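When the chains are written out, they are named A, B, C and D in that same order, and each has its own residue count from 1.
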């Protein structure tokens, strides 16, 4: 295993990059972990309508601290700021919205993603117990699924793999992978490297990515705005 | 209770009813909200579609086509204006099919436009139990392709359908029902497309809004975001593509 | 066909008798026609919570005239009086309530009822077109189904029959039949004559009822309060 | 808008939480509303059930058992009182099974009571996708014995389940899920049992209220009929059997 050619991005920077892909005016659901960080990192002038599984649509930012009302929460246990035009509803409606394909984009965390776009993010087999939450519904049914995660495990093993060894969240569901060193698009022809972090060549990225990817004709440095 | 933070509105407002329906092609399926009667009926959208003149339409509604002849759900004996209903698309020859639960009243005289078109062989009428119809529509919007219901077992409704036992009781398999467009009527919309309904005007509207490819709302009033209480949103803006405000003093209820 | 031994009851009297069977505090749905008349004929002190398919629960009386608001209607096109404790909702919820078995009693009209409790009330075959409305859901799923109807057709043919010739609303669903001359209970052993109108003997009722019924041990005159 | 006519209330009010749960037998299945966290959690009913001491319970919830160790959905670092969750029935040995979507947080340390019981072989944990779980519960209340969903196809969730294609996409058959009791938390009840929720406290409560044989509501306030706007009823009184009012100043949120 070679050493990193340049620093990897922070979790916040991954989230900032993911936030760039969120469509102005879109209905967006953010998973826990890195994805949740997107909410306060939107580009200037972009307004989203965040959805959370527990029954809230239309918030756009998080309070940095619990403000005393446990009845205004998102699914990750964060506390959204109230904005005009938001709505509260129950879980039946909330998952009708998800399963019915009305979520424009979901950003989810990942343990493993395969070159076919399979996603595993709900259980580490050696633990023997996991948490599905709304993840399977989101991964299966959102119009676009972005996975935001570190590129490798802590011991530098690829998380982008030929075949997920962890239990799947959904097969063939991921559209985009945004990591701390690369932006990769999942197409039917395979993986396409779209961007790499400063100081990382396509070969550097490939060295810690199990499936071979194609370097996109549009390949460019990691976008920041 | 809500101390609002400011946000930018995303407007879906269309200026007039003709523009709102202008892209509807011949052959489209149109879901029409409400229950039957004036309350909850998107009357101005219906009139605009009639004026658009496209044909071969499939209309999906609940109680359908009986108000014009019986005043069902309208002020008794009202003649200013006369009640209108989904029958207008059959009188005009624009509709070739209706899917509904209640197309004829108990009395036969005078015949409704739907019954006339059906008798003349100009229109197909598919009659579905009301609970099955609304659940089929809800299923389409909620990503459920099919479900089982006890309603209709042992009747003509079961013909050609799969049945299956669960825990010793027999059920029918029913499929989701979508539409190209939904017309819904609400009292208020905000510019995000959130809708607020009153009284019994909800009925089929909220489910249809989730089930159609394009949802158009006819409302009495359009307000800025925040003008509808977050606790009182009956249809999420996520489902609504276009909103049109009725003119004050519209003679139609 | 013999002549009637005594007058038959009015539609209002049928409804008044049906209203006697409605349980205090119960959730009740009234069909159109004779059943709808029940709403203003409850015994003193009985309070019901009427449900109508179009999305209203908790009304208890009708306005005698349209009061100008088409947004407060019942499914029959009548206009309920508003009472404290009522609720409005959409048709999804309304039929969840019905299909889920949460309606205590429904009173429906009938064209034919068989001795097995089959109900036909939505289409006259010679017309070729009919209206199901919420009737199939109510007949199939209410905890108790009362049919309130005239005992015979206009030309004095039995409407209580061995086998319905009209299209069924639901098989094996009727619990009680209340007509203008009799109250009949449908049990697995067959029909039981519970009450007959003044001047009508069991034999008089049997003469215009196709299936043979059993005269109940509790047989008594038509109850009025 | 509403000019109310007078009517007689039918009260379902119970004086205290212990009485409200007193008839729950060992072996019962208990649906616990809310999402996870303090908002929407029927905490006092849960504590009363724990004090009742029955066992072999099946608990049905959503996010389950992670607040006590992570403060999920509670004031961060709160210790007055400490967060409580469904884990209490596993710590006490009363529950033998949980059906839920989210029983463990991403971090393993410290272990939750549910995970401890599972590791020790004292409890079965059935993990269901959240959208499937709420739809199963909704189905039970709405008379739908089974439905198809795309969620879980190609995953371990599909094991042992029927799958079927509709329009070229594969779906799983999922069955309705009922419970013996549902505990739901709302802000207001009227004496007919109508419930009003605020914010994100709805979650699983409204569907569970329809699905259980007996539904018990824990509320901040009980009002006379009319004290809840007819447009704001979140759970119909038809579904609610018992209501209990919390004491003012209860230290639990």
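Some points to look at:
The working rule: a contact is a pair of C-beta atoms (placed from the backbone, for glycine too) under 8 Å apart; a residue touches a chain by one contact, two chains touch by 3 or more.
Keep in mind the model is a prediction, meaning the values are calculated, not measured.
Across C-D and A-D, the chain pair carrying more C-beta contacts is A-D.
Compared with chain D, the chain whose C-alpha mean position is the greatest distance off is C. Between the CA-based centres of chain C and chain D the separation comes to 37 Å, rounded to the whole angstrom. Remark: chain B and chain D have CA centroids separated by 33 Å (rounded to whole angstrom). If you average the Cα atoms of chain A and of chain D, the two centres end up 29 Å apart. Centroids built from CA atoms put chain C at 57 Å from chain A. Residue positions 135, 138, 142-144, 149-150, 198-199, 231 of chain D are each in touch with at least two other chains. Taken residue by residue, chain C touches two or more other chains at 88-89, 95, 98-99, 141, whereas all remaining positions touch fewer.
In terms of inter-chain touching, the protein chains here follow a pattern that is not a line, ring, star or complete graph. A complete list of chain pairs in contact reads A-B, A-D, B-C, B-D, C-D.
Residues of chain B that touch chain D in their complex: 1, 135, 139, 142-150, 166-167, 169, 171, 175, 198-199, 230-232. Across the complex, chain A is touched by residues 2-10, 138, 140-144, 190-192, 194, 210, 224-228, 230-231, 233, 236-239 of chain B. Contact residues of chain C toward chain B in the complex are 32-33, 52-56, 65-66, 68-75, 77, 88-92, 94-95, 98-99, 118, 127-137, 140-141, 167-172. Across the complex, chain D meets chain A through its residues 35-40, 62-63, 70, 72-76, 101-106, 108, 115, 118, 125, 127-132, 134-135, 138, 149-157, 187, 197-207, 234, 253. On chain C, the positions that touch chain D within their shared complex are 25, 27, 47, 49, 51, 57-58, 60-61, 81-89, 93, 95-102, 141.
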